[in-house]
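Letters are used for the chains, namely A, B, C and D, taken in the order the chains are written, and counting of residues starts over at 1 for each.
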Amino acid sequence: MHIGFLGLGNMGAPMARNLLKAGHSLTVFDPFTQAVAALVEAGASAAASPTAVAKAGVEVIVTMLPTAAHVKQVYLGKDGLLAHVGQGVLLIDSSTIDPLSAREVATLATAQGNPMLDAPVSGGTGGAAAGTLTFMVGGSVSVFDQALPILSAMGKNVVHCGSAGNGQVAKIANNMLLGISMVGVAEAMALGVALGMDAKVLAGIINTSSGRCWSSEVYNPFPGVLDNVPAARGYSGGFGSDLMLKDLGLATDAARHARQPVPLGATAQQLYQTFSLQGHGGLDFSAIINLFRREA
Amino acid sequence: MHIGFLGLGNMGAPMARNLLKAGHSLTVFDPFTQAVAALVEAGASAAASPTAVAKAGVEVIVTMLPTAAHVKQVYLGKDGLLAHVGQGVLLIDSSTIDPLSAREVATLATAQGNPMLDAPVSGGTGGAAAGTLTFMVGGSVSVFDQALPILSAMGKNVVHCGSAGNGQVAKIANNMLLGISMVGVAEAMALGVALGMDAKVLAGIINTSSGRCWSSEVYNPFPGVLDNVPAARGYSGGFGSDLMLKDLGLATDAARHARQPVPLGATAQQLYQTFSLQGHGGLDFSAIINLFRREA
Amino acid sequence: MHIGFLGLGNMGAPMARNLLKAGHSLTVFDPFTQAVAALVEAGASAAASPTAVAKAGVEVIVTMLPTAAHVKQVYLGKDGLLAHVGQGVLLIDSSTIDPLSAREVATLATAQGNPMLDAPVSGGTGGAAAGTLTFMVGGSVSVFDQALPILSAMGKNVVHCGSAGNGQVAKIANNMLLGISMVGVAEAMALGVALGMDAKVLAGIINTSSGRCWSSEVYNPFPGVLDNVPAARGYSGGFGSDLMLKDLGLATDAARHARQPVPLGATAQQLYQTFSLQGHGGLDFSAIINLFRREA
Amino acid sequence: MHIGFLGLGNMGAPMARNLLKAGHSLTVFDPFTQAVAALVEAGASAAASPTAVAKAGVEVIVTMLPTAAHVKQVYLGKDGLLAHVGQGVLLIDSSTIDPLSAREVATLATAQGNPMLDAPVSGGTGGAAAGTLTFMVGGSVSVFDQALPILSAMGKNVVHCGSAGNGQVAKIANNMLLGISMVGVAEAMALGVALGMDAKVLAGIINTSSGRCWSSEVYNPFPGVLDNVPAARGYSGGFGSDLMLKDLGLATDAARHARQPVPLGATAQQLYQTFSLQGHGGLDFSAIINLFRREA
């Protein structure tokens, strides 16, 4: 198929490469020309603007952008996709944005005859490169079925979450819980060790008890408990604290609009905000444990 | 062996019965005489006071009491165990109390020649009846080895957590994380559903993603997601909200003494405190989700 | 002067009446026609749309709208003020909205030759009726000076807070602190009384000590401490809990965009969110103390 | 009168000096012998132990100790005051401790014929030296009247707060609110300035609006707003962050025992705990604003 791809950052570039590898023809755009050049070298065609992608005769367009403001500009702006794309072209937005914005764009797209899905991902840059991302997809079943082969070229796990915007809902609900769990594990591990326990023994007990969770078992933030996690390498790599801060912001903002209390989500957001202000937003999100440990 | 047992409440009574079933001889005390009578009918001998238990020629004494104040009274009071028990008798306190109090009693016991362990449990009244409790044990390795056969008669999983008090540390660290996770799952599920997702679909995504945890997988608080959990039966049974409140209080209090920040633990404590004040302390602790859902 | 006025709700209507009383000529618009009719009876002219107000030959336009979305629609929409208003007409937005939106609108207005101020108010419907509002004004000094006579017809206290958007900043910073103080007073009063103190004695001590604040001295939430406050009349009247919730939402949202931690502000927001979900959003904001008191 | 005085620290020493200045005869004890020597030089007699003070023929004993554990030891220990003091001697404890401990000691003292008051102070070391402390006093009216002349020699403001323990209740309720207010002011000032406002202008608006409070008007934490406050001298002097942390700990602990929610109090406690862990516990408590400001 002929696919348009906008947004060739840390996530978008490897995703686009996997579409090329699967045999699709790609027309790509990114304001950062070096990112475009790299994809062209891999076999893609370059487009000079979103409008140019829309007019390139593509059957599908995938977008991977940093914020809702970017998504609105790319889709709804004067020179944006909706103003220039042909009827029937399938639109897939894999950006992580708030559900309200996702629904607003999808409603406008659908109204003018373009089926649209929100399809945010989890799995990080590693999963993007390996083609093992999880896609959480919102939109109608028939459009989901239509998109499945394309998404499967970039991910291993493609889950239908319900109607438009629900991909975003699933993403922010899960990631809010992830942020809460990670802070909770950090507090519990730091407390237990401060009270005299060995970190590995404590993690072992938690992991076989009612406190067990992904953050404790797979991604424990206490140094020395697990190998091959960011805690074992000075919290480099992984999922950045500022990205967790962004997702907690999306979740608490959506909660505000829905008038839903999320007291632990809001407190976790404030902790990552504090951590970021102290200059540590670039560290992996498990480094939040440093808020609870005396300087070594 | 001849074992003394003090504290025949919802947990202590079935634990004592399992010791009888394992062939041990029991001398029991509880201020509530009906609780004593029931155990006597099952084969135990009654004692009229802690002093009487201490003087009954027992080799081991197990205590299962509601608070640190009770533990201090029973062990350290004028008529308490330490004042009257023979040298060498093994003391095992299975109450859930703060680590500082546990260490204070253990230090005094050890100093006068009575080996002592703190051995709080998890598993609830069901685990107590079935003999499948988990024991988290603090004390020296040799005393742990000595106690293992006795504890194994009451539980399935007996874990050595390090020196005196560390059983309590493991218990409160795990349960603080449990309380945080449960509130986190409650917030995430209520938010996702309020934003338009189906509860089962959302739980399915969380349980295969980075948000997964015991509270979501095994004990999901949203009604209709799982069968055979308190959420499926109006939040009756299970682990009461007021018991979670007690454990969160022990954890935040220990954190205060250790000068360790536990912001999510403290917020979770306040939420259970609010829930209790509103009259719901008797409901299972997963009912905390009702703080985040509009009255049905 | 000939002044346009858009937004004739609980606040806007009495503000417009005070402009009429001061001798100004008014052209008004509100989608709710009864609100317009009432002002027409008082001497104003009716306009059928924002466009009509813009084209009515007014020298000044004042807007008093519920949300940033309304402000953007009224100013920036196709049929909005900026598209139709003559150059040089002074624009004053008295809505309480987020500073970013206020700055966005002011920048566009200024760029096309319309001086603009953000001028949110405090003082409630009582102050609006009595003409004793406080205006917190953002914009250049010269525009502020130009607007002073008009604002003075509606308020007693008109404060210049700096450049565009700073009126909103002052409003949300003050109201976030107000929300925090009110919850703090509620917690302290409820705790003191639960521990055995007389509410009036406690308030007296606080009001002569370092805990004193407007929420304690002037607006104490504990029933029986002050007369003539909402706490003395079942929390009716006053400043609604849902309005405090809105302002706390604006503050935490602005904090999120500025990456500023506001942990108490965020917690206060969650408490008002919980209170609103429980169905009490219509009560005065001092009723939040009911979250901390056992049902009478 | 002949007065015993125990606890000659930063607060106790100047308080004892004021009693000497008022013409009273003093017998003093402190484990730190240099502190005793300094008072002896000022005219007091030294005692070698609490027992010695109790047996020195004093009519009144005043204690000023750091924690409830010290108070219990000094009053209730084997060599403590209650075991050796003559009937009728008036006991005044000016330590800041939890109300439950205060009531426990007062009940035992009263039962053996020693009238007792809890009389914690506010006003800091400056007020202690100047004799301008505020005393918040719990106990019966007649005992309060009896103690008034003695307390008036050390303070300017002596307030009867109700029965035994209520002095402590008033102190911790006020100081919890103080801690909340200070953090609230810090958040609001930091947010407003981050959003573009001048700190002095913002403080001026808050101080004439509903956000005004002691922490903003008298003790503003933002540097440059006020002279002669800790913020103007690098947060040296004043009321230490670790002392605020202690008082917030007493308040949340009392709330836990009373089953009262104090969500902002608990969050404020966690923030001071974090600040202390980061090594800043010795700075004035208004320095908490540094948690919310980017490193200069």
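Here is the rule we go by: contacts are C-beta pairs under 8 Å (C-beta built on N, C-alpha and C of every residue); 3 or more make two chains touch, one makes a residue touch a chain.
Molecules present, by chain and UniProt name: A, B, C, D = 3-hydroxyisobutyrate dehydrogenase.
For clarity, every value in this text was computed on a predicted model and none was experimentally measured.
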Quiz prompt | Separation of chain D from chain A in steps, with touching chains one step apart | solution = 1
Quiz item: Using C-alpha centroids, which chain lies at the maximum separation from chain D?
Solution: A
Exercise. Would you mind reporting the rotation angle for the C-alpha fit of chain B onto chain C, rounded to the nearest 5 degrees?
Key: 180
Quiz item: Out of B-D and C-D, which chain pair has the most contact pairs?
Solution: C-D
Quiz item: What whole-number Å value describes the gap between the mean CA coordinates of chain B and chain C?
Solution: 51
Quiz prompt | Between chain D and chain B, distance of the C-alpha-averaged centres to the nearest whole Å | solution = 37
Practice problem: Could you grab the centroid distance between chain C and chain D? Build each centroid from C-alpha atoms only and quote it in angstrom. | Solution: 39
Self-check item: Shared interface positions of chain B, touching two or more other chains
Solution: 255, 260-263, 267, 271, 274, 277, 291-292
Quiz item: Once bound in the complex, which stretches of chain C touch chain D?
Solution: 99, 122, 134, 136, 157, 159, 161-163, 165-166, 169-170, 172-178, 180-181, 183-185, 187-192, 194-198, 201-202, 204-206, 208-216, 218-219, 251, 254-255, 258, 260-265, 267-268, 271, 291-292
Quiz item: Can you list the chain A residues touching chain D in their complex?
Solution: 263, 267, 274, 277-279, 291-295
Self-check item: Of chain A, residues touching chain C in the complex
Solution: 245, 249, 252-253, 255-256, 259-263, 266-267, 269-271, 273-274, 276-277
